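The following pair of complexes shares a single chain, chain A, combined with chain B in the former and chain C in the latter.
This part shows the complex of A and B:
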């Protein structure tokens, strides 16, 4: 194992050296940092060319400049790690480390959504192989997969921001539109749930009619301008979450788990008003963290109360339900912040933004208004990134799931008389996750490289923008800084993925025979 | 008990009704807007745009709004004297001396009076000699930066200005030039808050008292006069480093934000925005008209910028126009589009010799022989300028015309007079087919078997790698081949460096200008500076006169005309079109009148109002 890691780290160094040398020289040859000045007929152009030549050492050939850069990197061994300065005399390390949080903020939600949705849909399509749902999801995911993100972004901004904001000035939905929305949702839900023809049509009609009724109610209650779940909606959603989590983790027939989960929902309802009172206090991050600890503690207490033996799964179910209930409460609070947010001068009745990370005019001390502002600025980029990236997860998890379902141990499990839920969740799902994990690790590393196009179209300055700026302004130090970080991360992530594989799958042993 | 309950109910009902009535009666939109959000494609890097590495449009625009001096360009464009701030006049013809006086009572944003001492820093950051004498380093040195890492060294100021002296009343300075310089007005000294620089050099992080500030100002003056290397180096460190901030918040040293302009930086969020608020102590320039806050937001993508305008997230967006952006912006309701041409024009240059220091040029256009002139004339005749305008520029600016004067833009008053006389009309007479036929006839004189597509004369054309340039090159290649030329296209991203390369016979690119100088657009045609190796002793002589002569408008015009005629005869250069900048502004924002010179649409931000 140790030898394996050392060998891999050695290779990593060689790859980094070779690729950085290549990139540096290619980038140096690709353009002229003073090109613009050479074509200028300003009187001071000559002097400025001289100054830039001096500060970028343009008098030296690129390979020599590469070793100047490398000396800074190798300084890590003598405690003087130096990535150099950008052309605007900012240390590259600072520029890069300032960009990382932005990139993380932009892509994390999208990545998690894409992974959860992608795996869920992938597994459902595998279970309903060759059904209408399978075909339509396959079609749909490939459709999204093939769309260019800048185009998706333009459409999203046009319809979900500009037009939607216009519509909010006077929110009405014509009956034909309502019925169309109902029919489409009905088709999707009915196809996902499956079953025989009778059940299919029943689900279809219930969903369609339910959607139309909900829309009418929403309009009547002015829900689009004053949204909220309210204590009852919140409680209903929380009970739904409790049932779903219990079903997925241990099955509804496991009474202690079900009781503990439902107990968390009831606790949520009881604490609805006190918690909302707390939400209006100072120092919200601390309050939320405290509430999280309290939720976990009460979930553990509830499981100890309801379960006498084998408490592990019960605790898990109760904690997950508690956290989901807490998130629902935060969602409810954000919904009720919508109206004050909507009416601030900075937002001025146009709550969905098309660009940027926060509203440039908003000056609010209110934690929830600021949080909602951040969230609103994340909506469109997250939808765009999720839409184009979750197709991959769907296809991969579907394929893996199908392969696992054909394994002997699944047949054995079924032959033992285990119920379908246990077969899928405990035997099939866990084995599906082994290859998925390695993919996710590598994906997370590449995420830090930034989403160049997404960042650009949504006006975020993360790693992708840095890379883009570096290329366009012939800023070699900055380019190499970004490259060095992303390349190292990619290589390390590959190593970690390999090691994880051996940890999760006992059949695989790294370094065996070395 | 019951009764009490009831009274509570009544009271509640009354209160609710009253609340509703108040809600209904109060006007929906009470206050008018007082904020302007401006889109810029770059991120802010420094409060000091004079720094060598921070000469960025956004930095300069922020500096323009937060600082004002003796003059500025308006939209005509005319250099306007800012009489609120001070005045200037020529006090001596020989030696040539100009006196700049700051009006009494002008103050910095921290309340410190502005005096002549605040004008002296310009000399420190522009004069190479001062930098060397004061031990601050040689700005022209190849390997070491001077203490003030300024982009102002080694320029006209350094070459022509001899000295700057403070008048005894300390409200004026006198600048002495080595000889008369016609564009002296452009070189008015700028103001710098030297008291804040000194305070920061001494490690202060809070605004000083009035007495402190005056003392610091005197310290600067002493250091300036005695060329105190240590003190000046400390100030130079602040000037070169401390102002390069990408983040401004309550922790920022307030001394960095001392300004005399209408707006003052309030906060900067790195890579996202710069927020400027009204400077409460502003009295150095024209009065503002109601805008209290200006925010620059960074949006690099032009489509994203247009959609931000459409979603009312921004009020002002200015960019080089493309057919796509025009189409997109035209569709947006509630914005006003303005297509003011900026001072940048596309032109085609034909090599007639080697650039100074370049490899010898032996191509078909070399020299001033009749043959070379005829071939150059043929190439320019066949250059399809009208077609380029129709196909490439008109979609962006429907009023675009072929530009036919090297000196004047079609928007300028003298343009009509000039094109009637400058003899460039031989390149516009008739249809393109007729001109190409003339070109072919000229080529035939030297290559008897030349005909359309005969590829008799091989030429290399250099241009930048952009879509617009590529389409121009394609049009030119097709038309020139009709006249017997074989055109090899060389799109290069480093075209700027290759302009002096004798490999290329023809180059087309854009020239911009940032100030109106007496040499006009001709300084690059001086044989000592000409990238395309142009050498005409008569032209050199007239440019020499323009560089130093004291002329009135007519005298200047006659010299421009003479150069244009000579150059038309030599057939070395031809303008093509003026490229428009597109400015899209929220229709509610009034008084936005973009001008052709930097800072284009922002020049009169103090007149903006809703």
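This part shows the complex of A and C:
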């Protein structure tokens, strides 16, 4: 194993060397970094050309300059890592490492949403192969597959931001629209849950009626301008989360897990007011982190109290429920921040922004208002990125799940009398996740450098923007800096994917042969 | 609830017997063809896509060698005409196509002078969209064929010969993955100027084969261990014969399917590159370029934005559905859904055989 990793790392270095050499020379040929200055007739043009030429060593031929660049990179072994300077004499490393958090923020939310939603829907469609739900989701995922992201972005900006903001000025929903929304949601939920005809229509009517009643209530309570869950709504949502997690992880009939999970919800309700009091204190990130540790500790305590033997699954269920409950509490706090945020001068009643990372006009010391600001700026790019990538996850997880369900070990599991939940979650789902994991790892690496278009459409300045500027202004060192980071990440991710595969699936041996 | 499942076992066996009846005495190729022809979505997609291809390529005047094909549309992409007036909100150049009859207060059912409207200098937008769609289709086909050929050859050689050849070729593939196609595009653009869309597609194809080659390699690695390959080798077949006669026909399913996916990705790649300014450049037209030029005018003149987008989405959607149909057809484990008609037919057959 060790020898295999070392050998792969060696090849990886050779590949990086080869492609960076090629890229450096190609990029050096692609344009003149001082071409703009040469054409200008400013008085100090000559001096500036000379200065740039000196600092970027433009007097040397590209292959020689490559080795100067490479020496900076190899400096990492002697503790002097250097990526060179940009055209504007800023260290490349600084520019790149400034851009990484932005890109991560943009990409992580979208990737997590896409992965969770995509795998969930993919697996449900596999379980309901050839149902109406399967067909409509197949069509839907192909449709998303076929959309250019900048086209989606323009539509999102128009309908989710501009028109939604207009609508928020005076939120009313006409009855026909309400009924349509109810009917559509009913169809989707009924198709996803399935069952015989009677159950289908029952689910359909309950969902549709429930949606319409909820919408009426939301309008009556002015929920769109003053949203909140309140202690009761929060508790109901938390109990729902507890039931769902217990059902998925061990099944509702497993009493210790159910008790531990419900205990976490009750703890959440009890601590609702104290925690909200804490939320108004200074130094919020530390408070949230402390609360997270407290949640995990109490979840472990609860499971030790409720389960005498076989505590592993109980701890898992309780911790997950606790974390979800905590997220619900944060969501509730953010919802109650909505009204003050909405009424700040910088926002002025138009809360969904179309471009930018944060609202620079927003002057607020309140942690929650700035957090909500960041979240609102993430809404549109996240929807766009999610829509594009989750179609792939749906297709892939559906295909893998169908393949796994055809295996002999699934038949064995059923034959020995395991219930359907155990067969699906323990035997099928885990095996489906093996190839999924490798795909996720590789995707995540490529997505880091690949959000060029999204960043441009939504006016973010991350890695994609750096790459784009570098190409357009022939900024060689900047380009190589971005390339070096994304390429090595992609290669390492490939290696990690191979290793993960062999860890998760003992049938695969790495290093054998190749 | 989510885990509910009904009569899977009985449905399985029933399904099995019906499908077996259907494929009795047919060759592999015949089964694939039959399954593909029964895939409704793929058939609709093929119909729509071929209609679009014929429609789009016949619309405009173009030169084919020494001949000039006149085209049935009255405008070309360079023809300027007066901007249509009398639109809503004092706009000019709006679409003249109308579906509302005169007695309902509309302009009558008809295309009018400029069915898709006009751009800001008065060019006919229908002609521009047609040219853009031609370009996008061309790019798709070129990238698909170049990427398909290279990917298949590299994957096949790596998977068949294994060992040193395999590791060299696969590391070469990794190498290509790390080189961004945009850079190559801008280098070529800087030195040779705008070489046109066919050339753009050609070099994009040179970088688009990596995923395919990995798939083909995997398929070859498995197939070369099968008994029929051993049999052929014992009978004295050369490597060339084994590759072309024995392994390739068995791998053709996975190749075709990935090439369709490659093509639907290619159309989006071209639009994305044109959007960033590294793809098709003006004065030429492509769908991605049209959208990027007019995205700001979505609120005022939405037709400049909708029509190219609808063409991109339709073309990509059709290719995806055809790919899905092919995948189902080539996958022997994939079973078709049993319709009510199949069940009835099976019952009738059973009764008939019981009576006989």
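In the analysis below, the second predicted complex is superposed on the first by the 483 of 514 C-alpha atoms of A that agree within 3 Å, B and C clash if a C-alpha of one lies under 4 Å from a C-alpha of the other, contacts with A are read in each partner's own complex, and residues count from 1 in each chain.
Definition applied: a contact is a pair of C-beta atoms (placed from the backbone, for glycine too) under 8 Å apart; a residue touches a chain by one contact, two chains touch by 3 or more.
Keep in mind that what you see is a predicted model, and the values were worked out from it rather than measured.
Contact with both chain B and chain C is seen for A:150 once the two complexes are overlaid on the shared chain. Looking at the shared chain after the overlay, A:456 reaches both chain B and chain C. By the touch criterion stated above, A:421 is placed in contact with chain C alone, chain B being left untouched.
Contacts of A:358 after superposition: chain B is touched, whereas chain C is not reached. By the touch criterion defined above, A:487 reaches chain C but does not reach chain B. Look at A:30: by the touch rule set out above, it reaches both chain B and chain C. By the touch criterion defined above, A:158 reaches both chain B and chain C. When the two structures are aligned on the shared chain, A:220 is found in touch with neither chain B nor chain C.
Once the two complexes are overlaid on the shared chain, A:89 sits against chain B while remaining clear of chain C.
On chain A, the patch touched by chain B and the patch touched by chain C overlap at residues 30-31, 150, 154, 158, 162, 456, 468.
Those residues of chain A that touch chain C in the complex are listed here as 11, 14-16, 18-19, 22-23, 26-27, 29-31, 124, 127, 130, 138-139, 142-143, 145-151, 154, 158, 162, 192-196, 403, 406, 419-421, 424, 452-453, 456, 467-468, 471, 479, 483, 487, 490-491, 494, 513-514. Listed in rising order, the residues of chain C touching chain A in the complex are 1-6, 41, 162, 166-167, 171, 174-175, 177-180, 182-184, 186-187, 189-191, 264, 268, 271-272, 275-276, 278, 288, 291-292, 295, 298-299, 305, 309, 312-313, 315-317, 320-321, 324, 333, 337.
By the touch criterion given at the top, residues 30-32, 34-44, 46-48, 50-55, 59, 87-90, 98-99, 102, 150, 153-154, 157-158, 161-162, 165, 345, 348, 350, 352-361, 456-459, 461, 465, 468 of chain A touch chain B in their complex. Interface residues of chain B, counted against chain A in their complex, comprise 31, 35, 37, 43, 45-46, 52-56, 139-145, 149, 151-156, 241, 244, 246, 269-273, 275, 293, 295, 297-301, 303-305, 307-308, 310-313, 493-497, 499, 509, 511-514, 521, 523-524.
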